[in-house]
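Chain lettering (A, B, C, D and E) follows the sequence in which the chains are written, and residue indices restart at 1 in each chain.
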Amino acid sequence: MIDFFTTHAPVLTIVVFIFGALLAPVFGRINNSLSYYCALITTALSFVLSVYLLFSVYNNAPLEYFLGGWKPPYGIEYRVDILNSFILSVVSFVSFLSVIYGYGSIKSEIYEKRHPAFYSVYLLFIGGMMGILITNDIFNMYVFLEITSLAGYALIAMGRTRYSYMASFNYLILGSVGATFFLIGIGYLYMQTGTLNLTDLAQRLQGHFDTNVVLVAIAFIVVGLMLKMAVFPLHFWLPDAYTYSPSVISAAMAGTSTKVAAYLLIRLMYTIFGIQAGFSGINFSGIIIVIASITILAGSIIAISQTDLKKMLAFSSIGQIGYILIGTAMVNKYAFAGGLLHILNHAMMKTALFMVAGGFFYKFTSTKINDLKGMGRQMPFASAMFLILSLSMVGIPLTVGFISKWYIILGAAQSGYWIVVPVILLSSLLTAIYFGRVVHNLFFKDSEASNTGILHAKIPYSMVSSTAVLVFLCIFFGVFAYMPVEISLKAAENIIGAMPWK
Amino acid sequence: MEMIQSLTPVYAVLVSLIAIIPIYLSRNNPNLREFWTILAAIVKFIIVLSLIPPLINGHTVGINLFEILPGISFGFRVDSLGLIFALMASFLWILTSFYSIGYMRSLKEHNQTRYFVCFAGSLSATIGAAFAANLFTMYIFYEALTLFTYPLIAHEETDEAFRGARIYLIYLLGTSIAFLLPAIIGTYLAAGSLEFVNGGLLAATASKGLSSTFLVVLFALFILGIAKAAIMPLHSWLPNAMVAPTPVSALLHAVAVVKMGVFVVLRVVLYVFGIDLMSALGIGTFLAYFASFTILLASIIALRQDNIKARLAYSTISQLSYIVVGVSLLSLSGVKGSILHIVVHAFSKITLFFWAGAMAVGAHKKYVSQLSGIAKKMPVSMAIFTVGALSLIGLPPFSGFLSKWYLLKGSLEAGLVPIAFVFMISSFLNACYFLPIIYIAYFGKISPEDEKDSHIKEAPKMMLVPMCITATMVILIFFFPGIVTSLIDLALNGIF
Amino acid sequence: MIEFIADKYNFWIAIVLMMIGFYAIIAKHNLVKKVIGLNIFQTSVFLFYISISKVNGGTAPIIWHPEGHAEVVYDNPLPHVLILTAIVVSVSVTAVALGIIVKLYKNYGSIEEDEIKLIEHNEPELDSK
Amino acid sequence: MIAVDFLLLLLLVIIAVAAISAKDILTSIMLLGSYSLVIAMEWVLLNAVDVAFTEAAVGAGISTILMIAVLTRVPRFEKEPKEQKHFFNLFNHSELLALATVVITGALLISGTWDMPAFGDPNSPANSYLSPEYIERSYPQTGSHNIVTAVLASYRGYDTLGETTVVFTAAICLILLIRSYKKNER
Amino acid sequence: MKDDVILRTITKFMLPFIQIFAFYTLAHGEISPGGGFQAGVIFGASFILIALVFGKNSARSKMPRNINDILLSTGDFIYAFTGLFCIFAGGLFLEYGKLPFHSAKEGNHIGMIIIELGVAITVAAVMMTIFFEIAGKEDD
């Protein structure tokens, strides 16, 4: 039984989402709340499965699964190692908590009869990402990328303002362009190698790195993924998308979608582009580090000037994606682990922050920073959580924000990319400034008469508890960081091999 | 020196942190709320006192709570240096609590609950830093103190208060993130650990062929990062933070914040770099000259201040550098003098600030020029001021004399005669800015309006009694220096 | 030279077509036009893939005579499979995009991007749905 | 053969340019439909019959119908863009910028073709690595005469599951987005 | 277009052929071009044709929304469940060869037919849904 379970766990992790998404609208015809439980059970199941996968691959060798029983490169292969099972767990965990959170917030933000379809699309959104994470076939990645993107477009459009549609449309156009670039890149790679399996691709690419075809393929794949990741000059879609979507979707997206694109880039960088080797005299990791540094600083600087809390958080997300990139691009065990940890940490922090913002919205239908004055008195618990999360974002020790920054800086110092250190410190300062502004409004200003549009007297427990769990974990993993650190260090070791000290 | 595993230091830190909850919950009942504050202060002091016996017996007390990352743990370790700091802070918290109650109530301040909550939090952070076992733990409490004192400085919620608080935050958070954190990372990279070691954490690594440039840069980062020590040019947050209520200023400028700054400098010099490494690199002498510049300049600026609290603030900046210079002399007497000066200055300066608060509450005076003839109406307060001022000038029979004596001796031991001159000139300058106040208060002519104004009277007992106690302490330490110096000797045992 | 062009012109024209579509996506303000551009862009990428699969002298990858089909040269079937999937993806994206356009027109009375941004700039509506 | 191929491609370019430059969107849509048809013809020429079939049904059929259905609800003519400067909206406010982006992207792509295997080269990696295996195995292993169907449904059957899920996603997204309910329409 | 007699007559005449062609495409997907997807599109298109010529109400009465919605899930469900069934039959996900038929080849063959059917059902339902949702309410 256990054997059966271990063998099939990789595919079950993904297939539950397909079944959940198919059944949610059908069950929803019987009773609306059935579709909610469908979503809840699906995400819970996949979370359990992916944690099981994580422990299984942490203790044993990576798992392989040949779909349809066809050996790669003829068939599609699933390959689970520590890196992707770690992110699988993060994504499914965030999505599970978001569903719990949604119990209260979706009811107030989305028309009741749309709930079955909403949950179905939500499951497809998460399932698509899980599919990207687990597969070892580059075209399969594209297919699942499109599933998650399509679902994402519809979810963003469900926001309460009419501008949500425009935000969604912009995302659709840019996202499709990004995906098509990715497709072009796949085509060029296929042209040069004749295969789509990542492992096989990596082998067959050896010795071809200096051809134009491969260079252009890499350029297009990287640009396409950076569009999806919202790296600085290509970030247009993200702020609107996060700002105008429903609270629960902002929360879930902030924790998952850009990170999955980042994972894709990391995976491709390390397995097929051979970032370690550096080819044709192009310093690949240097380029990405420069781009990531610009992204970090630009995101933080633009965030300072925002007047809307959700938009500020969105720009902050743009900056934080830079951390993940910068850490993983340095080809250093510690920096890589730091970048990986930041995927977990930022997912927890930003999801929780968007959840708190959603709480403010739930009560006052506004997320303008100026409308949040004096909220420290009216919503003390939410404000306190916001304070803790802000500290974590700044990177104060004993919170998770510190752990990942510490490892990135450590790695930077070791690998000699000293330029990264001031970038990270400066951005921590900028983060302190823009979060300080909000905290100041929350606690030191008296509330103004303008925010009288109180929708609900009390915030439901589902919203509070899911946020509190994340806030608690932000502290818990900041203090007892041992487990995630061990996992990500081992993942880093597996990916780049043990690097000698200095 | 064996280490006794004990949770006592943890309790000492937690007492005031836990006290926040009852303080917050009893926000509608001021008497109960103040009771909790006082209770927490007393319990804390007792816990700290209970740490003395094992230390006298030559042990250290500590515990490693958890290891966050390899080589980085969160833990406490009580040695005599930390204990001196903790004793001083927790004792003065009791007095400041009483004083605050009197001050806040007679001025009918708003948001008193937030005030007391943040006060308790600040004390936890202070004790935490005093007992920290490593740079990492210390850094956490260093930042925590900054964050806890921010609401205290912004307490008035005027534009000026917000401005002062913002400058405070930018200076302290900014420097600690931009300089202190990289310095800690550098230390970790060089030594692979952050624990405080008696001979100096980095001393062992010097032989491993670390370039001296790296170490000098590291030290410079540390000094730049510790803006709480208010060494010029990173001092201007201190005068700006004067917008805070007076008890807060007393806490900031005498006990918690600035003392934590110099305390961290001491820790870095003695336990991270170590005397030998410092003198080998020659950075001690450099720091001594650098900081003595602050001593003189700040004293001269203080001469020109009319605002009482601003004058005291610049005086503080100058006195803090005494401590920094003292330790950077790297001689036995110098270090001893500088530790002693932490205590002496704490008692003297808190006396002066208490006096300034008494002036604000009793006479509504904020400027030196308004004080002429005030001694007639407020004789007790002025007597107390005289004690504090003379102590800071360094005259016997006040404790200030002791520490200055040691500092002078230390500078001669180290063979740095110019520093000795700096101390002397500065003492003269101290006299120049304190004696005029005494002169006009006693011999100046009281203005007719003040003469008639019946509102001008001594401050409430709640404020006056703590002042008297601190002033008495200033004198007591002169006559019974053994209480402090025995602990100091204990601290320096392992170092020299 | 002529040979080189003859070898590559198929790819080049596919790329030119892609860029025509890409230009429409970037430069056009009309949302339906953008979707049309997206369609052209994606379809041209498919053309590129199919061009990869062509083998000189090959026939369609359908086995008419299972016995002795070894002598027959077939085209590469894999890109065909990929593009079948990609066409479905493309039409799905088009459908969702059109759905959003319908909603946008309902809410703004315009399908010109700059007009919509202007309307939103002048009279932003919170909670308008 | 090459001539027909070349002419079809040329026709495609002309149709594409016409489609994006027409002010009447209905014209654009009809041109897009014919673009799909012509490209399907081109694919028949390249022996991709399955793909051509699908493109003819989907691109020329369903897409066109959908677009026309939308056009019954939105204005038929494209408006002249108002000159509006948005600093952050680099992507929208200048056609020159768009042209530059497109030219750079195109040049990059074309530079990539430089050392590509020639068109129709049977020895190119793509045509010589996996495809012979598929051609050889598919009939004995699956009993399907159409190799494309065999690969689609069996070897890469999981992709097809994904593909089916994509269309399902599209439909459910549209239900979520624009399905109207009798009362209290949102 | 509802009043055009010629169009209505021809449509009525053509519809069965279109639908039969859809089934032909589905059934012959393995020996000639075509397959589940194309069949689904054609079948869906036949209903779109009804909607265009006889009005959306008429099309909706032939294919009610509820049934359409359930078919939407059914097709993909058949596909995914076939895959799952292969697991219980002792194979890997979607390994039709392990389906309980005579041989692996037979299993593959029949498995492919089943999933093509699933694809066709979903695609037909999706095409109808997309058209009806985009074209607006039933009556206009």
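Definition applied: a contact is a pair of C-beta atoms (placed from the backbone, for glycine too) under 8 Å apart; a residue touches a chain by one contact, two chains touch by 3 or more.
All figures in this text were calculated on a predicted structure; none of them were measured in a lab.
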Any chain that touches chain C and chain A: D, E
Topological distance between chain B and chain D, in contact steps: 2
Chain occupying the most central position, where position means C-alpha average: A
Chain at maximum distance from chain C, centres defined as averaged CA atoms: B
Chain whose mean Cα position lies farthest from chain E: B
Maximum inter-chain contact count - chain pair: C-D
Length of the line joining the C-alpha centres of chain D and chain E, rounded to whole Å: 22
Separation of mean Cα positions, chain E and chain C [Å, integer]: 24
Centre-to-centre distance between chain D and chain A (centres being mean Cα positions), rounded to whole Å: 29
Where chain A and chain B are represented by their mean Cα positions, the distance between them in whole Å: 45
Where chain E touches two or more other chains at once, by residue number: 31-33, 37, 69, 72-73, 76, 80, 83, 93-94, 96, 130, 133-134, 136
Touching two or more other chains - residues of chain C: 18, 22, 52, 60, 62, 78-79, 82, 84-85, 88-89, 92-93, 95-96, 98-103, 113, 117, 129
Residue numbers of chain D (touch at least two other chains): 49-50, 54, 58, 62, 66, 70, 73, 89, 91, 109, 113, 116, 124, 126-127, 130-131, 134, 145-146, 148, 152, 154, 156-163, 165-175, 177-179, 186
Chain-to-chain touches, reported pairwise for every pair that qualifies: A-B, A-C, A-D, A-E, C-D, C-E, D-E
Interfacial residue positions of chain A with respect to chain D in the complex: 18, 21-22, 25, 67-68, 70, 73-76, 111, 113-114, 117-118, 120-121, 124, 131, 139-140, 143-144, 146-147, 150-151, 153-154, 157-158, 184, 188, 190-195, 204, 211-213, 215-217, 219-220, 236
Chain A to chain E touching residues, read off their complex: 7-8, 11, 15, 18-19, 22-23, 25-26, 29, 65-69
Residue ranges of chain A touching chain C (in the complex, touch as defined): 139, 142-143, 146, 150, 153-154, 157, 160-166, 168-169, 172-173, 176-177, 180, 183-184, 187, 190-191, 196, 365-366
Chain E-touching residues of chain D, taken from the complex the two chains share: 49-50, 52-54, 57-58, 61-62, 65-66, 69-70, 72-73, 140-146, 148-150, 152-154, 157-158, 160-161, 163-165, 167-168, 170-172, 174-175, 177-180
Residue ranges of chain C touching chain D (in the complex, touch as defined): 6-13, 15-24, 26-30, 32-33, 35-37, 39-40, 43-44, 46-47, 50-64, 66, 69-70, 73-85, 87-89, 91-96, 98-103, 105, 110-115, 117-118, 129
